[in-house]
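Each of the two complexes below includes chain A, the first together with chain B, the second together with chain C.
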Partner chain A sequence: MTRLRDLPACEWQQRLSQDGLALRVGPYVYRIRSNVPVVREGIGAMYGDFPVAQVDDYIDFDIALSTRGLRQRLRDEAEFICDGVTPFERIPLGQAYAFLEWGMNWCVALHTNEYLKLHAAVVARDNRAVVMPGVPGAGKSTLCAALALREWRVLSDEHAMIPPGSRATVPVYRPVSLKNESIAKIRAFAPEAVFGPQSKETHKGVVAHLKADGAPDSHDTAPLPVGALVFPSYQPGSPQRLAPRRRTESFMLAAYHSFNYSLLGEVGFDAMRTLVAGANCYDLQYHDLDWAVDAMHQLADGGMRE
Partner chain B sequence: MSYLLRDALIEPSGVAGMDNAQLACLVAQARNSRLLASLAARLAEAGVLSQLPGAAQRHFDGATLVHEKQRRDLAYDADLVRKALATRGIPLLLLKGGAYIAAELPVSHGRLITDIDILVPKSDLPAAEAALNTQGWASPPISAYDASYYRRWSHEIPALHNARRDTTLDVHHNILPPTAGPTIDAGLLLRDRREVSPGIYTLSYRDMVIHSATHLFQEGEFHHGLRDVWDLDRMLRDFPARDPSFWDGLVERAALLQLETPLYHGLNYAQQVFKTPVPAEVMAEAQSPLRKLRKPLMDFLYLRAFRPDHPETRLPLTDTALYLLYVRSHYLRMPLHLLLPHLARKAWMRRMDQRDGTTQ
Partner chain C sequence: MKWRLQSTGRIYDAGEGQVVYFHTASGDTHLLGEFAAHLLELFGEGPRDLAQLLDEVAVTGDGTTPPEDTVRSVVDELVGLDILGRTE
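After this line comes the complex of A and B, so read on.
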């Protein structure tokens, strides 16, 4: 298997600017084109360990983040293109990298339904996965980043992909997206952390991505069994706790965090029931990252469903 | 690679021999044309879908799931609407995609819908709106100008949205705005309606075709253009078998509704794009000397508009053609003495909004 870093820089950069650079992301292949320097820099920093797709692989998402035409060039703008069409407004060049990452999430969120998809970070230890659903701002990405820097494997910071009927989750690793204060928090938590280009003034404020595929099996594609569902909430000034929660409520909350629970109908209901029945469910209320990481270690050491 | 989508829809068996690059291109063209689930249905019916590599199959299956979800939702919502209208003695008549699905016609296989379109007699509009309000369908606040525009010049009321169901209902009292050239007697459409399940109606087969063609050729945007031509193809292949006299009265019916021109275009482009069999005498009957004279220009414009929005299929001058069709759609809908003040007013309002910083 060839990884991006095995290719000479001039070669992958040429692919990126011309016919497209095809990378494997979990079960999918993205072909990415860009003529924007910050995107090239970000891909170099974040995607070095990603497997490069074979020439005849099926391309799931053909995307570009490029400046097209004189008008965009003069205004320092770029646009996101998926399969030849531009679904969104133009964006300032300074946000290009964050927008590429966001657009890649959008592809999975909109165009795939073979899995029950939860808006969740997914991490694993000893080959058992913890699914952490949460709304933006719940602190799931921050916790996910911290765990990655303490030798957990990150399966995704955005999508838990559950094959219906299974108690497993399919890895779809991508760099972990951090916003605003979380960036400084993670830098302080682990000074050696590797970040991609920072995008300012996006609709989410400042955004930067963390390279979180340090675990040797980060790009394995085999599904992992889900041992626990943890619902994180970042709450400064409140007591910290990791407490079991009822399965029935967890079911409802997980369904709320799903992108396609209702779309899948009965299949979605059965998939969610199977998932929740097979996992222990917890609330994790935290404000201190070291405490939260310790709590997760304890959970991994005995709080997960066999 | 070019126009894979059309070939695949016409002759699905060819898809079995495609390589991954061709399949990905086909999926993209179909997705951009809102035809991915329709193509999935076509491939499944031809026994081809299960032969495709899993990586491609899952994209078709994903679109099929979206279609199935819409079908479930439609059944539920149509029933709510039917009950609400029934309290005022108004029958539910579905139009377009909703009608195809409710009538379980082959054209509905994989058909994606966005809104539910219904037709009610104009005199029943206030009662219908009041009844629907009680079931949670309400129009979001719009400016006084927009509201009066709808009431005076439109063939529909502002879209009604149901927040709990997250569905949108377009209530029409006619199939063209009163400002468009032909004045259609909606009573004719309502009189010939067909009951497809207890209390749920669609237009007659002929009127469905005429309406679909009319809708397509009055539209200014063509995201669904090819999809609408595909609808016509499916119906024109299916209806003659259901009603042996389908072709006989078709042009006559369109003439009665003053919609011969859109019908002619519909038949012409279904034939040109999807090789739809249309009896020569029907084509001859629908064609007038003026339509014949205009055909080269119309072909130039529409055959561009009906291509998938995809780099492999876009023809030169597509943007120009789309712009001209957009302009055309405006003057088809409104005479200039109404259109120009309206556009000026809208432009002015947009400008004021921007200055106030109130645009979203």
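After this line comes the complex of A and C, so read on.
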């Protein structure tokens, strides 16, 4: 298997700027094109350990984050293109890397329904996965980043992909997206952490991505059994606790956090039931990352469903 | 007045005193109390009126008949969710 870092920089950069650089991301292949320097920089910093797809591999998502035409060049703008279509407004060049990552999320969120998909971070310890659903701002990405820096494997910062009828989740690792004060928190938590380009003044504020594929099996594609569902909630000033929660309420909340539960209909109900019935469910309320990581270690040591 | 199930449904019961109910016709999912789930089981056998329900919940439950108002309010809730409909 060839990883991006195995290729000479001039080769992959040429692919990126011309016919496209095809990378394996979990079960999918993205072919990425870009003529934007900050995107090139970000891919070099964040995607070095990703497997490069073979020439005859099927391309699931053909995307670009590029500046096209004189007007965009003069205005320092770029646009996201997926399969030849531009689904979003143009964006300032300085936000290009963050927008590439969001565009890649969008591809999975909108176009793949072979899995029950939850908006969730997914981490694993000893080959058992913890799915952490949450709305933006709940603290799931910050916790996910902290766990990655304490030897947990990150399966995804954004999508839990559950094959219907199984209690497993399919890894679809990509860099962890951090926003605003979370960036400084993680830098303080682990000064050795590797970040990609910072995008400022986005609709979410300042955004930076963390390289979180330090675990040796980060890019394995085999599904892992889900041992627990943890619903994180970052709450400064509140008591910290990891407490069991009802499965039925967890079912409803996880369905709320799903991209396609309703779309899948009865298949979605069955998939969610299998997932929830096979996992222990918890609320995790935290404000201190060290405490939260310890709590997750304890969970891994005895609170997960076998 | 009698009510009947509007369509089939699916239940996830984790033994927690409440159930998740998937309404097949609408695709909606509801969190229902245990008593509502019990009434749905009875309606699974066919349409019922209030008097029948009061008899049956006394027989099949713990022997304590819930007040008529309780049964009626749960039935109304299920009608409001379009899980039950009137037959006459």
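Here is the rule we go by: the second predicted complex is superposed on the first by the 306 of 306 C-alpha atoms of A that agree within 3 Å, B and C clash if a C-alpha of one lies under 4 Å from a C-alpha of the other, contacts with A are read in each partner's own complex, and residues count from 1 in each chain.
By definition in this document, a contact is a pair of C-beta atoms (placed from the backbone, for glycine too) under 8 Å apart; a residue touches a chain by one contact, two chains touch by 3 or more.
Just so it is clear, the structure is predicted and the values come from calculations on it, not from any experiment.
In the superposition on chain A, A:Gly265 makes contact with both chain B and chain C. In the superposition on chain A, A:Asp60 contacts chain B only, with no contact to chain C. Within the superposed three-chain model, A:Ala277 lies in touch with chain C and out of touch with chain B [touch as defined at top].
With both structures placed on the common chain, the touch criterion links A:Met252 to chain C but leaves chain B unconnected.
By the touch criterion defined above, A:Gln95 reaches neither chain B nor chain C. In the superposition on chain A, A:Ser141 makes contact with neither chain B nor chain C. Once chain A of one complex is fitted onto chain A of the other, the partner contacts of A:Thr112 are limited to chain B, with no touch recorded for chain C. The contact surfaces that chain B and chain C form on chain A in the two complexes overlap at residues 262, 265.
Interface residues of chain A facing chain C in the complex, by the touch rule stated above, are 246-249, 251-252, 255, 261-262, 265-266, 269-270, 273, 276-277. Residues 10, 12, 14, 16, 18-20, 22, 24, 27, 29, 31 of chain C are the ones that touch chain A when the two sit in their complex. Chain B contributes residues 19-21, 23-24, 28, 31-32, 53, 55-56, 58-59, 61-62, 65-66, 68-69, 72, 309-312 to its touches with chain A in the complex.
Across the complex, chain A meets chain B through its residues 29, 56-60, 62, 83-85, 111-114, 260, 262-265.
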